[in-house]
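Below you'll find a set of structures to go through.
After this come two complexes, each holding chain A, first together with chain B and then together with chain C.
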Partner chain A sequence: MTRTSTPRTSTTVGAGTASTAARASKPARSSKTPGTGRPVAGTLAVAGYVVMIVPILFVVATAFTGGRTLTFPPQGFSLQWFEKAVTYAPFTGALVSSLQLAVLATVIALAVGVPVTLAIHRGRLPGKGLIEGMFLSPLIVPELVVGLALYQQLMIGFGLANFPTLLIGHTALMMPYAVRVTGASLALADPSLEEAARGLGASPVRAFFTVTLPLLRPGIFSAALLSFVTSFNNVPLSLLLQSRDFRTLPVTMLDYVQQSYDPMVAAMATLILAATVVVAVVAERTVGFAKIFGGINK
Partner chain B sequence: MSTPESAAERPAAELRGISQVFGDFTAVDGIDLSIRRGALTTLLGPSGCGKTTTLRMLAGYSAPTNGTILIDGDDMTRTPPEKRGLGMVFQSYALFPHLSVAENVGYGLKLRRVPADERARRVAETLDLVGLGHLAASKPKKLSGGQQQRVALARAIAIRPKLLLLDEPLSNLDARLRVQMRAEIRRIQGETGLTVVLVTHDQDEALEMSDDMVLMRAGRIMQQGAPQSVFPAPANRFVADFLGYENFVSAADGTSLTVRPEHLVVEPPAGGAGGAAAPAAAGLHLPGTVTDVAYRGVDLLVTVAAIDASGARVRLVSDVRATGTSSLAPGDDVVVTAPVSRLVALAD
Partner chain C sequence: MTTRKTALLLLLPGLAFLLVGFLVPSLAMLVAPPGVGTGEVLGRVGQMLTDPYDLRIIGRTVGLGLIVTVVCVVLGFPIAYLLARSTSRWSSVLLALAIFPLLLSNVVRTFGWLVVLGSQGAIGQLLVGLGLVDRAPQLLYTELAIVLGLTQLFLPLAIISCYSAVAQVDAGLDDAARGLGASRSRTFWGIVVPLSSPGIVVAATLVFAGSVTAYTTPYLLGGSSQRMLSTQLFSYSSVTIDWAGASATALIMTVLVFVVSGLSSLVARKGATQ
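Entry: the complex of A and B
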């Protein structure tokens, strides 16, 4: 025991000094980069942020207006439009519909997508590439075409109600995320991990639940997040497949803007933005973006 | 159950006529192998020789195309890995990143429904055996490569496996640690009395660690036995080459002979007497010309071009201790000799 512990201590000391040296040299290098290092890239980055963020700030600002129109600068400060937005029945109804649709479609997409991913990455089935391609195709096929096809075949052809049709459409739209994002984390995971679990006495099912699934959790979480946002924000499919009794929030807001141009839409948009930021912060705190978008618990 | 004597003598595992065919590639080509109980057996060979495939078939991760696998006398050819009761250490260690060191080591015990208090005791015991008791609560990614390797060993040992299987366990460690871990694995094997099968491509590792070594090539066993019997007497050119015999010549009767570089003596020709090759009974005696002299610190390698008894051009390498630095230079005429006791006749 003593024989082995001595060299180990010496290697730890060596590693310690090396990392301290690396840490010490870092700030000196990074302090140069933003200002003086790359003026063109820096300017473009700032310009990019301005183009993306400023219009959003205008919307947020007009939501707090005391006036009656969607104009900038806002006239006075009030929360009246927020109050109106959250009590406006078409908005609240549509919000519930949107949430129902997004949650259900996300659950179904993951329930189908995760096993498909496992089959593609770990199974021995022929034509893996073709299968994966099929599940990724909704990324490429225009949504209007998908919507029209579903409308024609399912709603007209089979007389399916618009909620199940929308659910099928949204689930299909999410398949690429469910398959690709969890697939990315599975591809990064060491296949020996499952074999190690088997060797230690775990059945294939047990190995999946005690090893594979915990490793995939960040991947599944990020796939769920992306799927949910995709469904919640979707306009083309939801627009084509809407009905009098079932309409999603973006479609309802679009309808509203066409009829009346008042700050209530800005207030609603601001609320959605705030909710998105909360979700992002929670995701960052619980799992971390590096893990979510890296997709692997390593 | 049979009597203790026969159980002790029975091989821990036996492979009978095992083949593994992937499409039109034969990875393992009908091998027979008996794993001696309580011994450390190494499967040694270059990449693609079928050593890892053999280990994976033994562990149950792939089924042989043909043949029978007996573990402890029971036919386990088609038994899934979870029902074989073997401990495996993977080249990548395959530690569960979401579990602590103690949870990793206790994983197999938990599946065996070992009560929590006994489990904790056995985990602690096994971690002490590998010298990592103080790291029980750490996550694997916080550990160094050497420490991860010890955790992987502990995890495999904790289930008291019938066989401990090690797939290139030392290949991811730096050179110094690798040499330390050889002795460490031998110590652990001695203390636990486990039967160990180790796959490696490193002949030094195999020579140092093995009780039995099995040299493989292209899915077949080329030679097996104790290092002390295999090393001085390679059976064929492949084994000789793999074990570092660099000089291959034909005798006058056509026999292939080999000799290690450190047993080949290179000298200036003795005044006029040098010339014809002496008969094989008197050992090797060939005239030649130095083509290269390479200084390697401890060693000095002298390369000589010569013509052997069959008339073929041969390249001979002599390893001269650098302390006795010779004055040889490329272009010098020399005589290469080796005593008959150092010459090994090869089957092919």
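Entry: the complex of A and C
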């Protein structure tokens, strides 16, 4: 980025009186709407949003085309490609496979991941930092490399079928979410609450289910949502571990795009988009969208 | 759960999944692929680092990764800055809009560029319609297409990392600098950017690591003419079944990501002690 100080100064002169007036009444902030008075930052921000959002809008537009090809502008309006997408057996079969895999992997990841979080945060273990780092390590290794490893070592080496291999792989990849996101809410929970329950005569199991688990609920919900979405959208693992009998939806769509160039994939993509919007709204209403992603990136 | 024994029991099932589903196979793959020795894999790495064809793939992967990193920071930081400093109620909507793509399938997001950049796509048709060109230019299967696709993919990550950093910088400092007579740009470059630089480092690391390992985008938008390490790895492991080549490619990719993550935590630590 070049330092374009000239346009900045020229607008500061123009906006000077306005911002002085604003400062007099509202000392903490100088700008009310995003981008006002900051032309360079504003322009870059608009460009960023265009790159992020506009291609998605084009997908939706072409899904409703009356024509036979992925042409823009779309020719006429029809729902024919949606009808084709939801009745196309490879897509529906793959959708069921993807949902099965994502639900199972999420449940297993939480079932084994939440105890790990408890052990790290509440147990007296040596080398806690090292243990936590180990459980977060799947985030650093390229997923494609993990996929190749599982394909070579478990499917070819041990002759494991592709569904169990996929399930083990997806579960291992979700472990960082299960451990870190629930860990974040456990760190906020006061351990003396559990001790109080124990002191009042509750068994460790009862104290866990009546005190700790409710405290962890937002963390578990966030972790479940992240895990499910990550598994459902995963390409690198699912691509290398596919078989003719079990393929996930993203992999099937990639394959279809490579073979034929019609708007059916656009229709399927639009349906996935609609479902993702629903998930996002649910996330926003319950835990708050920014919180879920804030937890994993800090 | 106070005893060490209970803690170990709680740890065990998770550890089993981590070892079987991730750690052991990954290590085994890098050192000993089926029927191939460690020496052979390392020899292959040496070969790839000298062969002009392989070097072009490595160079393209690193080069495009760097370009995407710079573009994502240059576009993402202003977005994060404006959102963190704005008091408008639209800013929460815009923040949600920036995070939302993280939930959306990469295939869906990348597919959009086929519609925009394809020969029958929006940009080509627009240029022809305006009479600027006779035939739609080749935009798909170019390095530009890969850069656009990867930028779309990783910009949300850059925004989140920068946002949490900018939000931690007290807005009062901006106002103090402005009150003392600093210009807007001087406040931005002298206060906001240096104080949120840890977030910028995190953003750059995440984007670079993601870009050099992404598969869907180079596959759909680069095709076989613009191979990257990831598409090459897939081709070795599923088309030509060349285990030594696949492991060597995986090793190069992993080392690349580890070196960059290591450098970034080194920079972060140095910044923290200063």
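In the analysis below, the second predicted complex is superposed on the first by the 238 of 298 C-alpha atoms of A that agree within 3 Å, B and C clash if a C-alpha of one lies under 4 Å from a C-alpha of the other, contacts with A are read in each partner's own complex, and residues count from 1 in each chain.
The rule is simple: a residue touches a chain if its C-beta (ideal position, glycine included) is under 8 Å from a C-beta of that chain, and two chains touch if they have at least 3 such contacts.
As the structure is a prediction and not an experimental result, all values here were calculated from the model.
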{"item": "Chain B versus chain C as contact partner of A:244, first or second or both or neither", "value": "neither"}
{"item": "Touching partner for A:193 - first (chain B), second (chain C), both, neither", "value": "first"}
{"item": "First, second, both or neither for A:285, with chain B first and chain C second", "value": "neither"}
{"item": "Residue contacts with chain A in the superposition, chain B compared against chain C", "value": "C"}
{"item": "Touching partner for A:116 - first (chain B), second (chain C), both, neither", "value": "second"}
{"item": "First (chain B), second (chain C), both or neither touched by A:135", "value": "second"}
{"item": "Contacts of A:253 with chain B and chain C, given as first, second, both or neither", "value": "second"}
{"item": "Chain A positions touched by chain B in one structure and by chain C in the second", "value": "1, 5, 8, 12, 297-298"}
{"item": "Residue ranges of chain A touching chain B (in the complex, touch as defined)", "value": "1, 4-5, 7-8, 11-12, 15, 190, 192-193, 195-203, 206, 210-211, 214-215, 297-298"}
{"item": "Complex interface listing, chain B residues touching chain A", "value": "59-61, 80-82, 84-88, 90-92, 94-98, 107-108, 111-112, 131, 141, 144, 146-147, 155-156, 159, 176-177, 180, 184"}
{"item": "Footprint of chain C on chain A - complex, ascending", "value": "1, 3, 5, 8-9, 12, 23, 27-35, 37-38, 40-42, 44-45, 47-49, 51-59, 61-62, 69-73, 108-109, 111-113, 115-116, 118-120, 122-125, 131, 134-135, 137-138, 140-146, 148-154, 156-157, 168-169, 171-173, 175, 179, 204, 208, 229, 232-233, 235-236, 239-240, 250, 253-254, 257, 261, 265-266, 269, 272-273, 276-277, 279-280, 283-284, 289-290, 293-294, 297-298"}
{"item": "Touch list for chain C against partner chain A, complex", "value": "1-4, 6-8, 10-11, 13-18, 20-26, 28-30, 33-34, 74-76, 78-79, 81-83, 85-88, 90-91, 94-109, 111-116, 118, 120-122, 125, 148, 151-152, 155-157, 159-161, 164, 171-172, 174-175, 178, 183-185, 188-189, 202, 206, 209, 213, 215-216, 219-220, 230, 233-234, 237-238, 243, 246-247, 250, 253-254, 257-258, 261"}
